[in-house]
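You will see two complexes here that share chain A, one where it goes with chain B and one where it goes with chain C.
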Partner chain A sequence: MRYPPGVSQEDFEQAVQEFRSAIGDEWVFTEEADVDLYRDAYSPMWGEEEEKVPSIALAPQSAEEVQALVRICNQYRIPVYPVSTGRNLGYGGSAPVLTGSVVLDLKRMNRIIEVNEDNAYALVEPGVSYFDLYRYIQEKGLKLWIDCPDPGWGSLIGNALDHGCGYTTNPYRDHFEAHCGMEVVLASGEVVRTGMGALPNSETWQQFRWGFGPWLDGLFAQSNFGVVTKMGFWLLPAPDAYRSGSVQVMGYNDIHELVKVTAKMMYSGVLNAGTGLQSPMQFAMARNPDLQERYERANEEDIRILDEHAVANNTPFWSSQFKFYGPPAIIDASWEYTRQQFSHIPGVRFVEQEYLHFPMTHEALMETQDENHLGVPSLSVFQLGARSNFNPTGANGHLGFSPVIPMNGTAVLQSQKVLAKVLRDMGATTVFNVFPQSYHQRTFVILLGFSITRDIEANRKTRAIYRELVRVAAEHGWGEYRTHTAFMDDCAQAYSFNDNALLKLQQTLKDAIDPNGIISAGRYGIWPKHLREEQAPVPVAAQGNENTNGGNNA
Partner chain B sequence: MHRLTLLLVAMLLPGSSVLAQDAPALAHGKAVYDLWCAPCHAPGPRKHPGTAALQVLYKDEKPAVLEERLDLTPELVSFYVRNGVSIMPFFRKTEISDKDLEALGAYLARR
Partner chain C sequence: MTNRREFLQLGLTASLCIPLPAQVFAFTANAAAQSVPALYKVIHDTRYLHSTELAHSLRDRWIRQSRQSALAEIPLQAVTGNVTALWYGELQPLWLKQQVLQQQGQQPALALAGTTGSDVLFCLERLAWDAGLRVLLREEHVQEAGAQPQEALVSWVIAAPTRAA
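Up next is the complex of A and B:
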């Protein structure tokens, strides 16, 4: 059996006995083969001393069992790391930030407590996946849609707490924004319900999120202040129809008007689904180093030549997809309005894509362009990095770098240049592109993906590149919206206004809410006071190499 | 029908490995497969990365869809579920229990 840091062998063995009494032998995993299943399969530190691994794992079945386990951990000051389905691969999976932590595996807490069709919400436990809720709704024939992220086996609660996103409409596609009310077990074992859940007999826990007084739900997202055991989510009433189309513009500089009008449509609510920006020219650039060089340099002459190439080859420079959900009369009017809004851009093209009427069978939905955009969970995303004709050896995982940038053309072009230079200077290859997505209502996220392998040197290089990207992006005011556990300190440190005042406030709250610092030590850069000196990283700007980074050497 | 007759019929059916595989156990295995494996390994490489990857790996030597394979053994299934391979992660016992894994192995090895 492995042991957690800072706990005597005698105390830990006593605690394990108490864990067994609380939840039964079967759900206390101490054998190495069982505990190894909690390693992060996509760890960028796989097989290295720095890889973060748990000591043992516990799998409670109810909030009451969570309370019992947390109380034992608090008594013996045992670090405990809750995971919901443990499937946020690319962000740490089921492995802790602090090696030796006891993983609290909430997968068995998989009850869909309520789905209310008339008021369009669900109340679920952490082990409920997007697949689970989708199947439940299908089986019951409810006229509701979920909004799912790329991998359907993720937890609604885990994904929302990690600020995950999906692809349908506002507010559903920003999963934390779509939540309403939570139940949390604190480090003391006490249970708290937020919002209207604090009012006994309330019937609006999943409908009025603010309750009375300070709204605290944000404390439990991207943090380590409690174990969330229930959470409500607003669901989208099943729309009548869906249509998608793209707006394509021919010139390099047309990006500015394309993004400006898109943003206005988004802020006014006409466009309330996610969009993004692509460049059909990227394929020509990938084949032609001269064009690629001109794109990255982009002086007046370069732009003239690039534009000429686009026109000569009938290839639009930029393209954005627009999606509309609702009654046909409304989505048709929205598409017509879209055409009007962009019609002043010379040479603009409008390409109609899918037009779907609902309900459709699951099989038919799976034949569409992208089922995730229609609230259908899948694992299609794992095509990225899987063995393919283009990548015959395949990868062992992926990792995403995803800074938030302003929603304007200048920021897109600048971030591409800056980040591409880092990649080029460090000899990187990426598996995703460097074009932005509007995962959130008022910003873009640039998504850069890396392959994870079982090659230690390759992974070390990827980590070095990642940290350099964090540093350089931060210099330009672009910060990560979410990251893998390996880089949480780097990203948290980058939010450094006024000598890291925000992180210090978060630490103050941590010390007050979890005084023994037992829950998810180091998650999102928040270390408990007894580990702060030992684990706190030096500021990103002064980092020489990754060995100075905390969070993995306990 | 007499048990012996049933056995003989089963032996004559193509793709049936006979004996011993009682229907509830296979149904259990099929349910585990549908829940945990099918999202990646169902027919249709466009939306199923496991099928797409195995198609590239095996070309035409073996079926890309796991359910159509004739060479799977419970031991092989168990190894990949608990160890993962390539982009496929390993699965915890709170996801696929040992009992589930046994049923899954029997189901995928039934042919």
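Up next is the complex of A and C:
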């Protein structure tokens, strides 16, 4: 059995006995074969000394059991790392930031406590997955939709707390934005309810998120201030219909007008669903190094030649997909309005894609172009890593670099150039390079994906590239919205305004709420007082190559 | 040097002769001396040329060793990389039901086998963990470097692990 750092063997063994009394022998996992299941399958440090691994795992079934376990951990100062289902692969999975932490696996807490059809909300526990809630709604025939990420096997609570996103419409597609009310177990073992949940007998816990006084819910997302044991979510009333279409423009410089109009439609509420930019020309550029070079240099002559190539090959330079959910009369009017808004761009094309009327059976939904966009959970995304002629080496996972950039054409072009230079200079290849997506309402996120393999040297190189991307992006004012546990210090350090004042405030709060620093040490760069110096991250500006400051004191 | 086809044939022939590991047939603590878990179905992956024949081979080996009646219907089911329908439509309800029965000491969980891409097994393995099941057999079918089309198949069996009684 591995032991947590800073805890004597005697204390830990005593604590394990107390864990067994609190939740039963069966749910205290100390054998290597069981604890190994909590390794991060997508770890970029797989098989290295730096890989983050737990000591043991505990699987409570109720908030009361969580309280009991946290109290024991607090008494013996044992680091504990709660995971909802532990399936946020690419972001650390169920492995702790601090090696030797005790994983608190909340998967058995899988009750759907309430789904209210008339007021369109759900109250769930952390072990409830998107599949679970979807099945519940289907079986009961409720006229509600969920919004799910891909893949859909993860926890609603876990995904929302990590600022995950989905594909339907506002406000549901930003999963933290769609939540309303939490129940949290603090490090002391005390239970707190936020918003209207603090009012005994309140009937609006899942309807009015602000409650009275300071709103604290944000403290429990991307952090380590408590263990969330219940959370409410707003759900989308099942729409009558859905339609999608794309707007395509032919010229390199048309990106500016395409994004400007898109942003205006989004801010005014005409466009509520996520969108993004694609470049059909990128396929031509991928096959033609001369075009690629011209795209990256992009002087006047280069742009003229690129534009000529686009027209000659009937290939739009840019396109955006727009999706509309609602009554047919309204979504038809929205699409017509969209066409009007872009019609002044010379050569613009409008391509109608899918038009669906609901309700549809689950089987029929699975036959649509992308079931995720219709609130249907799926596991199809895992096919991307399969070994094939397209991907001859296969992969053991991926890692996403995802900086937030402004929603304008200039930022898109600049970020493409800047990040491409880093990749080229460091000899990097990506498994996916996604043009900006509007996962959130007013910005774009770029996604660069890297393969994770079982090749230690390849993974080390990937980590070095990732850290360089964080550094260079930060120089341009682009920060990550979310990251793998291996890079949380790097990304947190990049938010360095006024000598890292924000991180210092977060540390102050951490010390006050969790004075023994037992919960999720190091998560999102927030280290407890007793580990802060030991784990002291090197400021991003001084990095550039591999460093192992991500929370491992093994 | 054998070509890829011959190589796979050799692998197939070999796998027909090699017994499945004992742990695959280990009796569960609850059902000691009662029976080997029956095979529910065998999954093959239509993306790969040789998946079906290897899945047939796996099923034959199971029947031979487990003495599960060859006449018993052990269906082969195709997936195309995406296990969503299999999981949502069949396995999740089945495994939930089995968990309840096992907790009552009534019967060992049915085994699930397959010859698929590793991505399919990756998903099913993690989902199986939550139902108290484990991958008890994992056989990779290697091929010559540079072979076309690229295939990386794995034969597997998911069943309840043996625990000390």
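Following the convention adopted for this analysis, the second predicted complex is superposed on the first by the 546 of 554 C-alpha atoms of A that agree within 3 Å, B and C clash if a C-alpha of one lies under 4 Å from a C-alpha of the other, contacts with A are read in each partner's own complex, and residues count from 1 in each chain.
As a working rule, contacts are C-beta pairs under 8 Å (C-beta built on N, C-alpha and C of every residue); 3 or more make two chains touch, one makes a residue touch a chain.
Note that the coordinates shown come from a computational prediction; the quantities given were computed from them, not determined experimentally.
Quick check on the chain A-based superposition: chain B and chain C, clash or fit?
clash
Applying the document's definition of touch, where does A:L379 land relative to chain B and chain C: first, second, both, or neither?
both
So, A:Q17: does it touch chain B (first), chain C (second), both, or neither?
Neither partner.
Which of the two partners, first being chain B and second being chain C, lies in contact with A:F131: first, second, both, or neither?
both
If we overlay the two complexes on their shared chain A, which of chain B and chain C does A:N313 touch? Say first, second, both or neither.
neither
If you count the residues of chain A that each partner touches, which comes out higher, chain B or chain C?
Larger number of chain A residues touched: B.
What is the contact status of A:D105 with respect to chain B (first) and chain C (second): first, second, both, or neither?
first
For A:L37, select first, second, both or neither according to whether it touches chain B, chain C, the two together, or no partner.
In the superposed model, A:L37 contacts both chain B and chain C.
Tell me the contact category for A:T508 with respect to chain B and chain C: first, second, both or neither.
neither
Using the touch definition from the top, say if A:F29 reaches chain B (first), chain C (second), both or neither.
first
Using the superposition on A, tell me which residues of chain A are in contact with chain B and, in the other complex, with chain C.
Overlap of chain B and chain C footprints on chain A: residues 37, 41, 107, 131, 153, 366, 378-380, 382-383, 385-389, 392, 394.
Please give the residue numbers of chain A that touch chain C in the complex, ascending.
For chain A paired with chain C, touching residues are 37, 41, 87, 107, 131, 135, 153, 362, 366, 377-380, 382-383, 385-389, 392, 394.
Mind pulling up the chain B residues that touch chain A in the complex?
Contact set of chain B toward chain A: 35, 39-40, 44, 47-50, 52-53, 56-57, 82, 84, 86-95.
Residues of chain C touching chain A in their complex?
47, 81-85, 87-88, 92, 117-119, 122-123, 126-127, 129-130, 148-152
For the complex, give me every residue of chain A touching chain B.
Touching chain B: residues 27, 29, 33-34, 37-38, 41-42, 57, 59, 86, 89, 93-94, 105, 107-108, 131, 152-153, 366, 371, 378-380, 382-383, 385-389, 392, 394-398 of chain A.
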